[in-house]
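What follows is chain A paired twice: with chain B in the first complex and chain C in the second.
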Partner chain A sequence: MTPGDKTVVAVILIVAVSSAGLILLWNNHFMASGPVEVVIEVDGQEMRRGSLSVSELGEQYRIRGVVGYSLLEVGDNKIRMVESPCPDKICIGTGWISHPGESIICIPNRIIVRLVSGVDYHYDGLSQ
Partner chain B sequence: MGHKKGKTQRLLILSQLVASGSVLHVMESYLPALAAMPGAKLGLANIVTMVTLALFPRSDAWKVVGLRVFLGSLLAGTLLSPTFLLSAAGAIGSVSAMMMTLSASKGSVSVIGTSIIGAVAHNTAQLLMAIFLARNVGLLFYLPYLLVFGLPTGYFIGTVSGFILRRFFPVHSRLESTGYGGDRQDLICRCRICNWSPQLPKED
Partner chain C sequence: MQLRWIGLTTLFLLVASLQLSGCRGTPPEVRRSEFLLDTVVTITAYGSEAEEAVVAALAEVRRVGGLLDANDPDSEIAAINSKAGFEPVPVGDELFELLERCQYYSALSAGAFDITVRPLVELWAIGTERESVPTAEKIKQALELVGYGKMVLDRQTQSVFLPEVGMGIDLGGVGKGYAADQAREVLREYGIDSALIDAGGNIWTLGLRPDGKMWRIGIRHPRPEGKWKAVAVLPSRDLTIVTSGDYERYFIRDGMRYHHIFDPQTGYPAQELLSATIIGESSTEADILSTAVFVLGADRGMAVVKQLPNLTSLIVTPELHVHAAGPYKNRLELVGKEGTNR
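Let's look at the complex of A and B:
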């Protein structure tokens, strides 16, 4: 490799690292301000889906699970479980969740509360 | 080859390059895709692009690459499909970038650096086309991976191209004088693409 080749490699590495950094920054900013959707599943079935940012502060949802009723509470762009008929109360112990990818899971009552990003990224077969 | 060689020889070599490029293009489509990194390929057909660029004028390189993409896609059965558009975008991107490198670097970047730039430009152009086709800017997240992946593949392709150039085309049209060397004050000629230099007769 000539010195010119090494310059080429160095420039490409610098561009790659800086673009990765920029994308990460942009992504974080985007995720923080983008819409977050709440998906509530009971026993594997999707029962409810709604935007977290639109929901009113302090709004509560009563969800009928397999064992009994669970109570969810919406805060300032976050959500938590406040009441559950399950014995271990792990779901209540999870506390507030606010970022896409986070979830509250109650195994005994078969309730899953997931947060997903409101924007879909399709990685599909086009990139063959 | 040199401009003094016959038209027929030039035509034969160009045809040979188109044929090799088409076969490599088809062979590449049979290679298994990396599940972890869609779009990351070896770029075997770029060997032919590199060799053509080193030996022939720009217009010939465009002809060879255009015919290679057309014939290769026809044989692989992807003609006018999204895959074809992706190959075409990648080929146009890599050829333009390699041409610019060759004319701008004035010999300081060898065949390896040129083909690294070609591989990176190929990946970038392909990604831009994928973003256009899928109407999805989110694919841009792949850019850093594809840039870094272009380094080893470009290095490999450049090494192979340099080997082919040295082995099969020892008489180069782009030999350039690099200066005077030794006691004999002979003009040292060196190919600015592959660094090949003719054997000077030894002094008794």
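Let's look at the complex of A and C:
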């Protein structure tokens, strides 16, 4: 192989690897992202499950924990804790969460706000 | 030099095509739909033989549809109905065996499933232009012509006799299930190990999806609101899932919903449930029992299902409560909040 050939091979490999990366990113971004569901648990009990939207939960969602009332703020496909009776306010410090797998945890008030992938309910066929 | 360029171009195209195909080697998918059995039948299959298999399976559904069509004057069923009150009609092995199975389940369900319901179907004519609420007198007259016990199945002569003029057989409560079973047999004969049969909502799942995961089958919510059309989802492998509901064919008069599944005891559309689903390994059985449970209601219906092995049932009550029982109960994923897995 001449040095020119080597350059061409190198370019092809670089283009191949980087485009593979782009395709992966593309797939993750557009194909794996489905509706996001929010699950709210108090002391291990599921209190609420629904789509992460203002129309479903309202702009503010109040929950009674073990210590007292906590207040969640719901945004455009995101949610955060804004008031909590806990001493450390770690839950408020978490800020907005918006992706499946993320959660807000308030240990003193025993509240877990978890985001899960709503694509769980996808189905291939419908019995009717 | 030219050869080198050809080689390099080939390498590039190879890399690019591998990326586009995702290197997954997904087997070819074949999906075909056809209007059969008064509904749409869709078969999806994977593998090198899928094309031939799906064509043959749909041909089988078409054949079964013809065999069971009471409105086709050339069918055996039409012959039995037209000779009602006059003489027995000899029939082929296949129809005779199917009618025997129907009679068995009729007895098991105390007549909640009854193929001699045709006089009621004709009278109400639901889904046609002449659908209406009949007078109580007319319903009483039609009811006198309904009764699986009156149908005579003679093994010696392999003949079927309906002893009264006006009696008639309607296989609407079993036809789609039987057709789905037959289609599944054809796919298996072709060696297909990944397929989904949807015979108008009667589902058969064969093997696993091509990605190696279980098929996910939704069970229709009888009153869907919001984003989910399903009340539950069942990860399914080699199972059939059949649902009977009051939402399929109906009309509404004076605030009452009149649908197409009749209670052979009252002559009116069954009122106990909004839907009943049976999960099992025979679509014929599941089709029959989903009708029977729908008519019998929660307690009596589930008691019937319990007598048979390996069946799972799911029902939705008029209060939109969901109850499930049977071996796959814990595999059912209930959608949303309106459900208790008990």
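By definition in this document, the second predicted complex is superposed on the first by the 83 of 128 C-alpha atoms of A that agree within 3 Å, B and C clash if a C-alpha of one lies under 4 Å from a C-alpha of the other, contacts with A are read in each partner's own complex, and residues count from 1 in each chain.
One rule holds in what follows: a residue touches a chain if its C-beta (ideal position, glycine included) is under 8 Å from a C-beta of that chain, and two chains touch if they have at least 3 such contacts.
All values derive from a computational prediction rather than experimental measurement.
With both structures placed on the common chain, the touch criterion links A:Val8 to chain B and to chain C. Legend: residue contacts after superposition of the two complexes on their common chain; A:His99 is shown touching neither chain B nor chain C. In the superposed model, A:Arg64 makes contact with neither chain B nor chain C.
In the superposition on chain A, A:Ala16 makes contact with both chain B and chain C. Across the two superposed structures, the residue set of chain A contacted by chain B and also by chain C is 1, 5, 8-9, 12, 15-16, 19-20, 23, 121-124, 126-128.
On the side of chain B, the complex with chain A involves touching residues 33, 38-39, 82-83, 86, 101, 105, 108-110, 112-113, 116-117, 120, 130, 133-134, 136, 138-144, 147-148, 150-151, 195. By the touch criterion given at the top, residues 1, 5, 8-9, 12, 15-16, 19-20, 23, 35, 49-51, 120-128 of chain A touch chain C in their complex. Across the complex, chain A meets chain B through its residues 1-5, 7-9, 12-13, 15-17, 19-20, 23, 27, 119, 121-124, 126-128.
Residues of chain C that touch chain A in their complex: 4, 8, 11-12, 15-16, 19, 196, 198, 201-203, 205, 209, 215-220, 227-230, 233, 241-243, 245, 247-248, 277, 333, 335-337.
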